[in-house]
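In what follows, structures are represented as structure tokens.
In what comes next, chain A is part of two complexes: it sits with chain B in the first one and with chain C in the second one.
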Partner chain A sequence: MSLPPQLRPSLTPQELEFIACNQETIEIIPLFGMDRIRLISGIYGPFVPPAKTRVPLWLATNLKLKMKCRIIPPEWLSVDYLNAKVEEEIAAEEFSELPFRYAEIAKVLLDTASDNIQQADKVRFLLKELREARQAKARKGLSRIDFSLVDLPNLCAMEINEIRPYFVKAMGVMGQLTAGMHPPGGGGGEGMEIDN
Partner chain B sequence: MENDYWSIDAIFAENQKLDCTFLLEVPNLGYIDGGDMPNIPAQTKMRLPYWLAAPLLVHDYLEFRIPPAVGYSVLKALSAEPRSVKLSSLVGGGGSWYKFGKEISELLEEATSKDLTEALPKTFRARLVDLIDQAQHFDGTAGSTSASGTGNEFREGLESTEREIFALAQNSAHLMKTWHESSDKR
Partner chain C sequence: MEDGGDDGRRPQPVGSPGSVPRDLDRELDRLDDERMLDKLTRYWIDERNSPDILVWQGLVVEETLDKLQAQAEMVQKLQEDPRTSEEEHFRIVLIQTEAERVKFLVRSYLRTRLHKIEKYAAYIIQTPEMRGRLSVTELAHAQKYHALLTAHFHSSALSGLPESMRSLDDDEDESGRGTVTRPNKAQGLFIRARRRCPVSLPNGGILELEKGAIHLIPYEAIEALLRLGDVECL
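After this line comes the complex of A and B, so read on.
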């Protein structure tokens, strides 16, 4: 393969961020007037100053950096919502439900439009806490690893991407180590019983 | 770890030596042992690499002793505390203990290999969590080994398959860290 080795096992976080910027849309309040525009992904606008309009994330950040719009952060990117999520995350066994690309969106918005997010520092802190709580759970999932499946529902794009390289490898090894063994419980009775 | 024909690791893994005893006389190959006899007489003891021993064992030309690396005492220690056994020192530099163990268990009768076959995945799973923890908190620069003696010892005891996973996890954590520290504000 022509890819350098460190890029082979998974996507890079930057690539995921790029995907998020292209796929996700977000509401903005434009600070300029313009007719509808036709982009490959669809038609956006019209841009009439006090009215909100929905545009792709990359366009929003681009306009924001040129100070041509205000970004309206999604409702989950707020102190109240995230506070509740962190509590839920710590209390429950499972991963709590979050937008699939929350990590990427949050990072892009906090980097480019922190002045449009209320209490941005607190939000940043809560996101970090959330991430750590979720990492601890992924780690627990690791101890249950099997060769056939890992069951970690509600895991988000960035988290999946982070654990993918070593989960896949570890599952491969488990597969080889358990190959030819009796499956625990049913299905093991094909005339291979051992008498001790 | 994989059984790939082109895998250098797989070739190295097959180089582990086994204590074997010839069950029949082998004509004209006495020089292999460095001896000056023309033939290898039956009951000669010799250490043969796995790749040579395995096909001979299948034809009952040889007998072999379970190597100490996967012997009773190691399995006993592993069942007590999987994380405290230095697997790397059991198979020598670059060797894969899991692959070796798997190969040996395939040579043995099912009844005798049962303990070993079960110990392999169990050991792997028990060590995995610590392995990943270590990898994520180890940023690869010398001196960052953080004086925690136990962690250091555990890292040294990793065998080659585990080392591969360690490197993957470390790289992944590193990418995430750089991403979080980078900024989109240009």
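After this line comes the complex of A and C, so read on.
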């Protein structure tokens, strides 16, 4: 009741978006004049068109929705960059490097500021391809699961959230299965005895 | 004491390693305020993900509430003042928007703890270490909640059972049956190392975590590191 059941297993995608909007910053070109503003998270501005200024993502989308700014999308949110990423993702065995909250940032920007992103439809399509390539890799990673540790370089926030239920469950089951095989305090499984 | 988290250690931006590079001047310009919100966010995410109840982060919560209150007072003063300009009014709207976001964060943190306190009330009351992790009001709530629940069980069912079967504080036996709900410390957790640190694994091995590395590890292996702020949940 204090925490609704749907929120208990992990953070929700909406909450991840909330975190990204608080923690990530982005450049905007303001379309209005205003002095510096002091917020709890910091001091931003001054807003003097056409000078660029860097603000938290939530502030950027808030101003954008009021048509008070243009958002400058990050370098990686472009057709050229994503094209190269998709190729790299398909060719390589490992996950390629991306901003940790790329999925959230891309979603927020495509929802609110698609007119500031060049070829937004193509960008959307490439992000989907990237996501599928990475998802397939994440699923393969499930076979490497050990009862004590899995190493997951370059995995992003949204992807972790997506695989969390299966991975955590799988690890729990593996732990139960192997529990009887390790003698207490022992380092290896030499004495492969199973009680019961 | 452990509370206060990583105060006194070198400040570390919690932001993602792959995010857009920020220049140093701007980073220094931001004062301590941002670190406070980032800290609260980290504690919130840790609390949401870990099976166990973590140490109450009273300092950060109080600091955040103080900031919110100071800001609310300032906003009210400005709103009552007829000389406040149009620009100032727009600024107030933005300040209030942010305040609502911060309030959500504080509320969700408190609610998450409340949920765990009610779920593990009996266990918390039995275990001195757990009691120490709660704030004064949280502990009072845990005790009242547990007393209510016990009284209710007794009056509705237990009083009809033989004396030997009425106990509500039986510890879990080998088969995992018991009346006290405990957190499952073997549960896997997605974590990221905030600095280089060693982890002792349940199978006896030791692993050196590199800064920024992401792993899936059972909670019991990183419980202490989480409390020190050496690792964070994802």
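Here, the second predicted complex is superposed on the first by the 178 of 196 C-alpha atoms of A that agree within 3 Å, B and C clash if a C-alpha of one lies under 4 Å from a C-alpha of the other, contacts with A are read in each partner's own complex, and residues count from 1 in each chain.
We adopt the following convention: a contact is a pair of C-beta atoms (placed from the backbone, for glycine too) under 8 Å apart; a residue touches a chain by one contact, two chains touch by 3 or more.
What you see is a predicted model; the values in this text were computed from it and never measured.
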For this session: Please indicate which partner A:G172 is in contact with in the superposed arrangement: first for chain B, second for chain C, both, or neither.
Result: both
Problem set entry | Touching partner for A:K52 - first (chain B), second (chain C), both, neither | neither
Exercise. In the superposed arrangement, which partner chain does A:D35 touch: chain B (first), chain C (second), both, or neither?
Worked result: second
Exercise. After superposition on the shared chain, which partner residues are touched by A:S10: those of chain B (first), chain C (second), both, or neither?
Worked result: both
For this session: Could you tell me if A:I43 is touching chain B, chain C, both of them or neither one (first, second, both, neither)?
Result: second
For this session: Decide which partner touches more residues of chain A, taking chain B and chain C as the two options.
Result: C
For this session: Could you tell me if A:R139 is touching chain B, chain C, both of them or neither one (first, second, both, neither)?
Result: first
Seminar exercise, completed: Dual-contact residues of chain A (chain B, chain C) 10, 145, 164, 172
Exercise. Hey, which residues of chain A end up touching chain C in the complex?
Worked result: 1-3, 7-8, 10-11, 15, 18-19, 22-26, 34-35, 37, 39-43, 54, 58-59, 62, 74-75, 97-102, 145, 147-155, 157, 160, 164, 167-168, 171-172, 175, 182, 185-187
For this session: Could you please specify the touching residues of chain B with respect to chain A in the complex?
Result: 1-3, 98, 102, 106, 110-111, 114, 117-118, 120-121, 124-125, 128-129, 132-133, 135, 161, 164-165, 168-169, 171-173, 175-176, 178-180, 182-186
Seminar exercise, completed: Residue set of chain C touching chain A in the complex reads 14-20, 22, 26, 29-31, 33-34, 36-38, 41, 45, 48-49, 64, 67-68, 71, 87, 90-91, 94-95, 97-99, 101-102, 104-105, 108, 111-112, 114-115, 118, 184, 186-190, 201-205, 207, 213-218, 221, 234
Exercise. Can you name the residues of chain A that touch chain B in the complex?
Worked result: 6, 9-10, 12-14, 17, 61, 65, 107-108, 111-112, 139, 142-143, 145, 158, 162-166, 169-170, 172-174, 176-178, 180-181, 192, 194, 196
